[in-house]
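Paired with subunit B in one complex and with subunit C in the other, subunit A is shared by the two complexes that follow.
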Partner chain A sequence: MTAEQRAKSLSVHLVLIAYSVLAVGPILLVVMNSFKVRSAIFGSPLALPDATTFSLVGYEKVFRSSHILTYYSNSLIVTLVSMALVLLFGAMAAWALTEYRFRGSTALALFLSIGIMVPIRLGSVAILNMMRSAGLNDTLTALVLVYVAQGLPMSIFILSEFIQQIPKDLRDAARCDGVPETRIFFEVVAPLLRPAIATVAVFTIVPIWNDLWFPLILTSSDSTHTVTLGVQQFLGQYITDWNSVLAALSMAILPVVLIYVILSRQLIAGLTSGAVK
Partner chain B sequence: MPESVSNITAQMPRAKLAGLLLFFLGPAVAIYTLFSIYPLVATMALSTYTSDPSGARYFVGLANFETLLGDALWSKPFWNAFGNNLIFFAVHMCVQNPIGIALAGLLSLPGLRLKGFYRTVMFLPTMLSVVIVGFSWNLILSPLWGVASGALKAVGLGSLFAPWLGLESSALVTLSLISVWQFVGIPMMLIYAALLNIPEELIDAARVDGLGHFRIFFHIKLPLVLPTISLVSVLTFVANFNAFDLIYSVKGALAGPNFATDILGTFFYRTFFGNQLQLGNPTMGSAVATVMFFIILLGLCLYLFLVQRRVRRYAF
Partner chain C sequence: MANLRIEHLNKRYGATTVLNDVNLDIEDGEFVVLVGPSGCGKSTLLRMIAGLDGASGGDIQIAGKLVNTLAPAERGIAMVFQSYALYPHMNVRKNMTFGLKFTGVPPAERDRRVAEAARMLRLDELLERYPRDLSGGQRQRVAIGRAIVREPAVFLFDEPLSNLDAALRVSTRVEIANLHRMLKSTIVYVTHDQVEAMTLADRIVVMNKGCIEQVGRPLDLYYAPANLFVAGFIGSPAMNFFEAKVGSVEGGCARISGPGFRSFDLPATSLKVGDSLTVGVRPEHLGRGEDGPFAVEGVVELVERLGEASFAYVRRADDRLFVAEVRGRQTPTPGERATLIAAARDVHVFDAAGLRVTTQNDA
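And then the complex of A and B:
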């Protein structure tokens, strides 16, 4: 490497490092300060917590005065059930649309793709009316139904691309052996879709976990709040209690960051894969 | 695509095919139609009704829209929210997309080390909930904590600090920049993926001709990823004109100070759900949602008919 090349590469790294600091700095700052006593939060916000400034008082407060564990389990239930249904129904529909020839299949594919671009949020007035008259208001079921409807179009689109890449011979060989269509799908095709899960996850699961709008509109009691809504309301109530606020923020941040760091390779591969060009 | 359908499925008896379609497509189409398409249509239908205090509903045609756009009590906040939304969108287009393109360009440089690390770190904010991001920045920019003013002082710019989120003149732009900070990962990733798809030979040919990295980027790579940039723009448009969470979690439903940060999403929420100042009004709320739907539709049509046609797609 010549000196000039080295200088160029160094300047590229400097820019990227500077932006990386800007991207994670605020998050680190919040998490770091959530482990400190109040005086240290204000006295030296940029310092790491040490033996004298370490404190979990904020976390104790959050556990004591909010139903944070209920929020976590609600978010987990809603996200996992929605994800399972989006993947199952999405893969089934994608399979039918790519594999079988029938009249109206193009029109149906277009109809299903409306939901990719038009936000379902705009139908909230009617959704709330429907849920009220069906007695599903303030239940997790209502959230799951809405999120499945919201996630299906994108997952069908992504999974169709994946199914098209599966070699035709595989299914036709099974068909020649007289294997029924449903078994071909569930035993031959479905297992091959595993790599698509990460891609579908980025586009459907993350928005569900992070959503504020539908929990705000559709749930009203503490027992049905998700983490995003529960933390949002907690923050509003305890706005002057910095320990609790920082702790609540960190508790919403940490699980997502943890899962993201574990899965980031697959998530980014999914995001940059051919599905979105 | 006829060739993608194997002969065996094409020869299937009709009744069997119908049964299979019902089994495979039924659940997805039913849930999607019932909870996504039907509510959209029903909301539009509801926008042509009004209700009296007893709860009875009457058909009023387009009267709600006349009120919304003609009655100063409604039209003033509506146009305020619309104007703010345009500014919100403009900041994203002018700041988020150029930064995203620049970062993608740097990340796709050949032989760059630590690529995966940078990508992971820079995409992290995009994964977090808007509520958390908004509130964290609210704390960081707060004069009470003094982190932002301290950071500015450290580089000798202490006099520039102001409580940006609290001032009517700067609150909206500050919130837009917070949103840019969070979502810059999306243009970065999509454009990065598009840059990786450019065939090596093209770049090599340019290098043999003696072009440097900068000229290769601006004259060869950038024109080739224009379709992706326009896709990113339309995604940004839809997301911005449907945004709500950030303003609501930082500024509340009233989008203060003095509605300076009110955008269509918060205006819709207040109209539909009500707040300290007014009772919720589902029919007017539906009218606002319908107008938002047409704004988003207009943006999508512009994209499909103007941008998509002009920009040539390069098949590799």
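And then the complex of A and C:
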């Protein structure tokens, strides 16, 4: 490596490190401080918890005084069900739109791509009215429906790109073999879409798990609150219970990080496939 | 086991015609090879026989049954693709049995067929491997095995050997020939490679621009090409062509003359004075020691030595190049003047429309 190359790689790394610190820093701060006593949170927010400042009081309070487990399971149910439906319908729609030419297929593809550009929150009022008249107000079903609608356009877009990369001969071979069309999709195409599906899964899960808006307007009782909404109850107008807030937030971060770690290898394959031939 | 009949088959994509009134009769057990320049519609024809592409017009019958509207699996065909198209996430055994599940073959029968195909194609060791762990030749054998286990009436091959290296191509070619001998099934085989076509085919179909130019046994195409296109397409290096005119006609003989070659008499009754013709002679039929009516003279410009023969590129008096294949150790040297002669039966004559002129020499 020449000096010039070294300088270049160093500067690139500096930028990347700075970015990583910026991105990871606040999360570390939250997790770190969730293990400290209240005075230490304010006294030395940047210090690691030590023997004198370590405390689990936040976690204790969260478990004692709130329905955190209900919130947690609500979040999990909503996120996982939405993800499963987005992936299933997204992949099927992407396959149909790339594989079959039918009346209106171009118009349908166009309609779906509009969904990528228009944020779903613009329709909040209409959605609220719709859910109310459908009797779905304050149910997890309402959240799932909204999130599926929110996630579908992007997932169809990404999966279509990947489906186009699958050699056409493969499905022709399957057709010659007598494999029915649905089985071609589920047993030949879908397994080859694994990296793409991991990518879409992460892109779908993160905004759903973190969403505050729709739980706020669509759910009203403790039994349907999600984690992000549940955390809000510790943020008072006059006093904020920082121990509990930080503990609840730390717990809310955990599943997303876990899923990311599990899917990351597939994710990287998905993001870079096609880029490298 | 089945015959295959194609009648007035057409294929259009929008305004472009890809296949134009194709008619073809293939006997039960016949090995038919489709050849033609790139883009002439060979793959399209094969895919239409398979049922992967629909026809714009015309009929396809397999074993006497009209299959126009049948799905690929119901036609009794199996196709082998140039890219092999093995299912990447299934091992070799699964690749071969996957399709059988859906066509109602019981498990015991599936295992028997896989075992038999594996024995025939020497795949026994590879059954549990995945396609990514196989060499190109092995993958191609698996692809053929996947076709065999379906026990189809008609096998369709689309350039199955073109991704293999030269040595492997030869050995796989021999294997396919053996396979045809053992299975005695009808095969339609697309290739670019003339040697493959000549060695494997019972009959060759030469296609050009969506039309069939000639159908015939390999040697018939070689010795009696029906038109200029087939004459130029079959044989390597390609046939030399010389422009010519009919000078006079006398007693069933036409005097043919043209720039660059010596005039000669052709025993053909169909010619009239003044007709423009094209005379064709294959490089391998032009020799220095031959005895014959056709003689062409020129200066040797370049010599390609292949060992068993040499190709001499010779410039005629009218400044055109032609090629002669010279056998033996006495290779010509550049700059040398050479007279090359062809026997009467090796001289092909085509009329202004490019169709073969039959002569008494053909008999």
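Some points to look at:
Note that the second predicted complex is superposed on the first by the 226 of 277 C-alpha atoms of A that agree within 3 Å, B and C clash if a C-alpha of one lies under 4 Å from a C-alpha of the other, contacts with A are read in each partner's own complex, and residues count from 1 in each chain.
Heads up, the rule we're going with is that contacts are C-beta pairs under 8 Å (C-beta built on N, C-alpha and C of every residue); 3 or more make two chains touch, one makes a residue touch a chain.
Note that the structure is a prediction, hence the values are computed from the model and not measured.
Judged by the number of subunit A residues each one touches, B leads among subunit B and subunit C.
Once the two complexes are overlaid on the shared chain, A:Gly135 sits clear of subunit B and of subunit C alike. Contacts of A:Ala93 after superposition on the shared chain: subunit B is touched, whereas subunit C is not. Look at A:Asp172: by the touch rule set out above, it reaches both subunit B and subunit C. Looking at the shared chain after the overlay, A:Arg183 reaches subunit C, while subunit B stays out of its contact range. Contacts of A:Pro195 after superposition on the shared chain: neither subunit B nor subunit C is touched.
In the superposition on chain A, no contact is made by A:Gly43 with either subunit B or subunit C. The contact surfaces that subunit B and subunit C form on subunit A in the two complexes overlap at residues 172, 175-176. Subunit B meets subunit A in the complex at residues 2, 4-6, 8-10, 12, 17, 20-21, 23-25, 27-29, 31-32, 34-40, 42-43, 46, 103, 106-107, 109, 112-114, 116, 118-125, 127-132, 135-137, 139-140, 145-147, 150, 181, 189-190, 192-194, 196-197, 213, 227-228, 238, 242, 244-245, 248-249, 252, 272-273, 282, 285-286, 289-290, 292-293, 296-297, 300.
Against subunit B, in their complex, subunit A makes its touches with residues 8-9, 12-13, 15-16, 19-20, 22-24, 26-27, 29-30, 41-42, 45-46, 85, 88-90, 92-93, 95-102, 108, 111-112, 114-115, 117-127, 129-130, 145-146, 148-150, 152-153, 156, 164, 168, 171-172, 175-176, 181-182, 185, 206, 209-213, 216-217, 228, 231-232, 235-236, 242, 245-246, 249, 252-253, 256-257, 260-261, 264-265, 268, 271-273, 276-277. Subunit C contributes residues 47, 50-52, 71-74, 77-79, 81-83, 85-89, 98-99, 102-103, 146, 150 to its touches with subunit A in the complex.
Residues 167, 169-170, 172-180, 183, 187-188, 191-192 of subunit A are the ones that touch subunit C when the two sit in their complex.
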